[in-house]
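Shared between the two complexes below is chain A, which has chain B as its partner in the first and chain C in the second.
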Partner chain A sequence: MKYMTHAVKMLFKSAMQYRASLLMQVIAQFVMTGGELLAVTVLLTRFKAVGHWGAAEILFFFGVMQSTFALTELFGRGITSFPWFVQRGEFDALILRPRPLLVQVMFSQLDPRRLGSFLVGMIAVLTAAAQLELQWTLLKGLLLAEVVLGSMLLLTGLFMIEATVSFFSVKSIEMVNVLTYGGRTACQYPVDVYPGVLRVLFTYVAPFAMCMHWPVSAVIGQPMMALPMWAYFLTPLAGAAFFALMVRIWYIGVRHYRSTGT
Partner chain B sequence: MNMNARLRSLRPYMTVFRLRALMETQYRAAALGGLVTQVFFGLVYIFLYTALYAGNSPEMLRDTITYVWLQQMFFRMMFSSDGELTNLIMSGGVAYMLVRPVDQHRFWVCRDVGGRLVGAMMRLIPMLAVQFILPRELRIGLPDGWLSLAQFGLSLLIGCVCLCELMSILDAINMKTLDKRGVSAILNLTMMTFSGNVIPLTLFPDGLQTLIRYQPFAQALDAPIRMYQSCAALPEWALTVAVQLVWIVILRWIGRSMWQRRLDNMTVQGG
Partner chain C sequence: MAFIEAQSLSKTYTRHNAPKSGGISRLWRREIQQIQALTDASFSIERGELVGLIGPNGAGKSTTVKLLTGILTPTGGECRVNGRTPWENRREHVRHLGAVFGQRTQLWWDVPIRDSFLLLRDIYDIDHAVWQKRLDALVEALELGEFLNAPLRQLSLGQRMRAELCGSLLHAPELLFLDEPTIGLDAVSKLKLRAFLKEENRRNGTTILLTTHDMEDMLALCSRVMVLGRGRLLYDGALDALLRQYDTVHTLRVVFEEAPEIAALPAHVTRDGDAYVLTYEPAKMPTSELLPQVLSAGRVREMTLKEQNVDELIARMYKEMAL
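Let's look at the complex of A and B:
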C-alpha cells in the first residue's frame, strides 16, 4: 500500500515537470471526448430517445462510461502499455524486485492527460443529473462510487487480456481491443437497446450491464431489472470477479514469459 | 521544359508513391486484425442506429447503415500514420531526407497518398466479402447506379489527396513540437468527429448541413459517400468536386508555406 501511494505521488510529480506539454495533452483529450459528447448530443437532438430511454438518461450513461474509462486509463496505464513493456524487455527488471509483480506493473505508469476525458464525463453526468432533477442521497452516491470502482476493475481486466496475450505474441494484436474500446463505444448506451447477441456479450461475458447499466438505472430511478435496492450493490462485484479471474490468467502467462532481451 | 523532362522530374514522386504502397501490402496480418475491429464497430453502430430509428423511416436507416459501412471500410485511409517523419527528425535521419533533390512537401504528400490508398484497398476486399455473410438488414446498400459509383470513386481519389494535404499541415506542426500528443492530436481528434467517423455527418441538424458538408474534414470521405448514396446531377456534382479541389489548393498553400518555414529552421539532432 505504501508502495502504491509513493509510486502514484512520484508519477504525478514527474508528469508535472512538463507542465505546458501536459496541459496541451489534457486539452487534446478534452476535445476528443468533447467530440464524442457532441456526437451523442447531435443524435439525441435528432432522435429524442433511444428505445425507452430519454435524452437525459442517455447522457447520464454516457458520462458514467466516459469518466470511468478515463479513470481506468489514468490509473491503468501500466496495464494498457504493458505489451510495449514486454517488447522492450523491461519486464525483467520488475521480476527481480521483491514486491508483488502485478502491483509494480500497475503503478509503473500513470496517464494524467486522461483528466481531460474525465472532466467531459463529469460534465455530462452533472448536466444529466440536473435535467433529471435527481435527488442525491448517500445511498445513491455510494452505489455510484461502487459502480465506478467495479467498472474500473472490469475494464482493467479487459485490458489485461491484451497484457496476457503479449506474453505469447510479442507483436500486439489490434483485435483484442475489441472488448475494451468496442465496449466503451457500445456500452455508452444501456445494453437493452441492442439485440440479443450484443446484450448477452455485454451482460455475461464482459459484464458492463451488471457493473454499470443495472445499478446506474437504479440510481436514476428507472431500474432495468426488478431487483431490490441491495441487489444493485451486489452486481458491480461482477467486475471484481472478472478482474480476479484475469489476474489468475495473467500470472499463468507470467510463467510462460520469455524475455525479449535488452 | 519538354514533356519528357517534365515526366522525368515527376519520377521520384511516383517512386515514393509506389514504394510506400508496396510497404503497405506487407502488413497483411495487420489488415486482417483490423478487419475484426472494423466489423465489430460497424455492427455496434448499426445496431445503435436501428434502435434510434425504432422502425421509423426505413429508407433513412438504410442510408445510415451504408454510411457506417463505408466509413469503416475506408477507416485505414482516414486514420493511419507511420510516424516516419518524426522518427527521422528524432534520429537525425532527416539530414539524408534533406539532401534529396526533391520538393520535400510534394514527396511526403505522395508518400502519404500511396500508403493510405493501398492500405484502404487491402482492407476493402475482405470488408466487402463480410457483407455477403451478413443478414440483409445489416448489409451495406448498393450504390445509386454505375454513374454514382464512378462519381464516388473519383471523388474518393480527390478526397484522399485533400486529406494528405491536410495531414501535411499536421506534419509541419509535428516537426516543430516533435510531440504528436498535443496540437496535432487535437486536430486529428477533431477530424474523427467532423469527418463522419463518430456519427454520419448526414445526421447533423438540417440547418447546419451546408456548413458541415463543405468544411475541410468532410472532403475526404463524406463528400464521396453522399455521391454513392444518391447520384449527383451535373451542377451539384461539379460544385462538390470544385469544393474538394478548392480545399486542396488552400490546404496545399498552407502546408507548403509551413513546410518551407520548418525546413529553413530545421535542426539536425545527432549524426
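Let's look at the complex of A and C:
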C-alpha cells in the first residue's frame, strides 16, 4: 500500500514537471469532451427525449460515462498504453522487481490530461442533477461512487484485452478497441434505447448496464429494473468480476511472454 | 552446491514468419521457425565470483541472462540460484537480484534521482535507516552527491550509469547483472566504474555477471569468462588461459646500434626502417629463450615487445570457433 501511494505521488510529481504543457493538454481535453457534450445537448434540444428518457436524464448518463471513462484513462494509463510498453521491452524491468506485475503496470503511468474530460463529465452530471431537481442523499452518493468504481474496473478489464493480445502479437489489433471506445460512445446512453443484440452485449458480455445504467437509473429515480435499492449496490460488482476474469487471462499472457520472450 | 548452478539449460524460440509466397493465404498462414537461442548450457558460479559473458551478437548472452534473472522460462534444463529456481518463485528471486541493462533506464525520468531511490526503498521494502546508510555509501563511492536532486533526464550518460548502478544496489543484492555497463562512457568514467565494481565485489561479496564487448572491461574485472557462440557455451574458464590459447604470435621490435648477426635467430625477421621486426610463436619459442639470443646478436639500443591486441584475439577466436 505504501508503495502504491508513493508511486502515485511520484507520477503526479513527474507530470508537474511540465506544468504549462499539462495545463494546455487539460484544456485541450476539456474542449474536446466539451464539444461532445455540446453535440449531445444540441441533439437533446432538438429531440427532447431518447426512448423514454428525458433530456436531463440522458445528460446525467452521459456525464457519468464521461467522468468514469476519464478517470479510467487517468489512472489506467499503464494498461491503456501497455502494448507500447511491451514493444519497447520495458516489461522486462517490471519482472525484475519484487512486486505483483499487474500492480506495477497500473502504477507505472498516469494520464493527468484526462482531468479536462473528467471536469466536463462532472459539469454534465451536476447540470442534469439540477434540472432533475435530484435530492442527494448519502445512499445515492455512495451508490454513485460504487458505480464509478465498478465501471472503472469494467473499462480497465476491457482495456486489458488489448494488453493481453500484445503478449501474443506485436501488432496491436484495433478491433479490440470496439469494446472500450465503442463501449464508451454507445453506453453513454442507457442500454434500453438499443435493439436486442446490443442490449445483450452491453448487459451480459461487457456489463455496462449492470455497472452503470441500472444503478444510475435508480439514483435519478427512474429505475430500469424492478429491484429493491440494495440490489443496485450488488450489480456494479459485475465490473469487479469482469476485471478479475481479465486479470486471470492477462496472467496467462504473462506466462506466454515469459516462455517466448517476444 | 554452488551459488548458481545451471544444468543443460536450453531455450528454443518459435518464430512465426509470413510465408514469402502463396497468394492470399499469406494473410493467415504462418511458417514456424524454431530458433535455438541456447543449447545445453551447464555451468556453476560460486558466490563472490566476477564472471564475464562474451560472444558475438546473437550468441545467446541475453537469453542466458534472461533465464538467470527469471524473465524467461527455459525449454529445457535446470537452474538454481542460491537454491531458488529463477522463473518459479519470481518475487523471492528478484528481491536478491540487481540488474543494469545498458541503455534501458530503470529509474524515473522526470523526477530527482533521490525520489527514484526513495520509491525503490518502498518497492524493496527496505528499512529507512538501512536504506539511508546504504545510499550514503553508494552516493559517496559513485560520486553522485551533487546530482541527487537533479532529474535523471538532465544527467550525462556517465552520471546516468552511475545513478542506475546506485539504484540497482540499494537493496544490497547477492547477485548483480550488468549488460554493457561501460558502453558509451569516456575513459575516466570507465576506469572509475570498473574500480567501483571491483570494490563492490570485494567488500560486499556481490556476485557479478557482466556481458560486454569491451575487452578492457574483461581484463580489468573478470578472472573468469564464459564464451557463448550460436547458443552454445564454448569456453568457460580463466581469461588468461583463453588469451594465451589464442595469443599465438608475438612481435619483437628491436633497434640495434650496429648491424647485427640475425641470421641465426629463431624468428621471422623483417625490416621496418632501422628496426628489425621479429615475429615468433611463444608456444614454440618462449620469449625467455629468444631474448638472450637477440641480445647476443648485437648491441641493442631499444626493444619493444608487442602482444596481440585483445580485440584482435577475440576476433580470431570467434573466427576459429566458426562463429
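FYI, the second predicted complex is superposed on the first by the 257 of 262 C-alpha atoms of A that agree within 3 Å, B and C clash if a C-alpha of one lies under 4 Å from a C-alpha of the other, contacts with A are read in each partner's own complex, and residues count from 1 in each chain.
Rule of thumb we're sticking to: a contact is a pair of C-beta atoms (placed from the backbone, for glycine too) under 8 Å apart; a residue touches a chain by one contact, two chains touch by 3 or more.
Just so it is clear, the model here is predicted, and its values are computed rather than measured.
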**Room on chain A for both chain B and chain C (clash or fit)** = fit
**Asked** Looking at the overlay, does A:His6 come into contact with chain B only (first), chain C only (second), both, or neither?
**Response** second
**Request:** May I ask for the angle at the C-alpha centre of chain A between those of chain B and chain C, rounded to a multiple of 10 degrees?
**Result:** 90
**Message:** Just to be sure I read the superposition right, which of the two partners does A:Leu198 touch: chain B = first, chain C = second, or both, or neither?
**Reply:** first
**Complete:** Of chain B and chain C, the partner touching more residues of chain A is B
**Prompt:** Does chain B (first) or chain C (second) touch A:Arg258, or do both, or does neither?
**Reply:** second
**Prompt:** Touching A:Ala186 in the superposition: chain B (first), chain C (second), both, neither?
**Reply:** first
**Asked** Who does A:Phe47 touch here: chain B (first), chain C (second), both, or neither?
**Response** first
**Message:** With both complexes superposed on chain A, which partner does A:Pro228 reach: first (chain B), second (chain C), both or neither?
**Reply:** neither
**Message:** Touch test for A:Ser14: chain B only (first), chain C only (second), both, or neither?
**Reply:** second
**Asked** Does the superposition put A:Pro98 against chain B (first), chain C (second), both, or neither?
**Response** second
**Prompt:** Quick one: smallest Cα-Cα gap between chain B and chain C in the superposed arrangement, Å?
**Reply:** 8
**Prompt:** Of the residues on chain A, which ones does chain B touch that chain C also touches?
**Reply:** none
**Complete:** The residues of chain A that touch chain C in their complex are 2-3, 6-7, 10, 13-14, 17-18, 89-90, 92-93, 95-100, 258-261
**Complete:** The residues of chain C that touch chain A in their complex are 13-14, 63, 66, 69-73, 75, 87, 90-92, 94-95, 97, 99, 101, 104, 106, 108-111, 115, 118-119, 122-125, 151
**Prompt:** Which of the residues in chain A come into contact with chain B in the complex?
**Reply:** 21, 24-25, 27-28, 31-32, 35-36, 38-39, 42-43, 45-47, 49-51, 113, 173-175, 177-178, 182, 185-186, 189, 193-195, 198
**Complete:** chain A partner, complex, touching residues on chain B are 30, 33-34, 36-37, 40-41, 43-45, 47-48, 50-54, 179, 181-183, 185-186, 189-190, 192-194, 198-199, 203-205
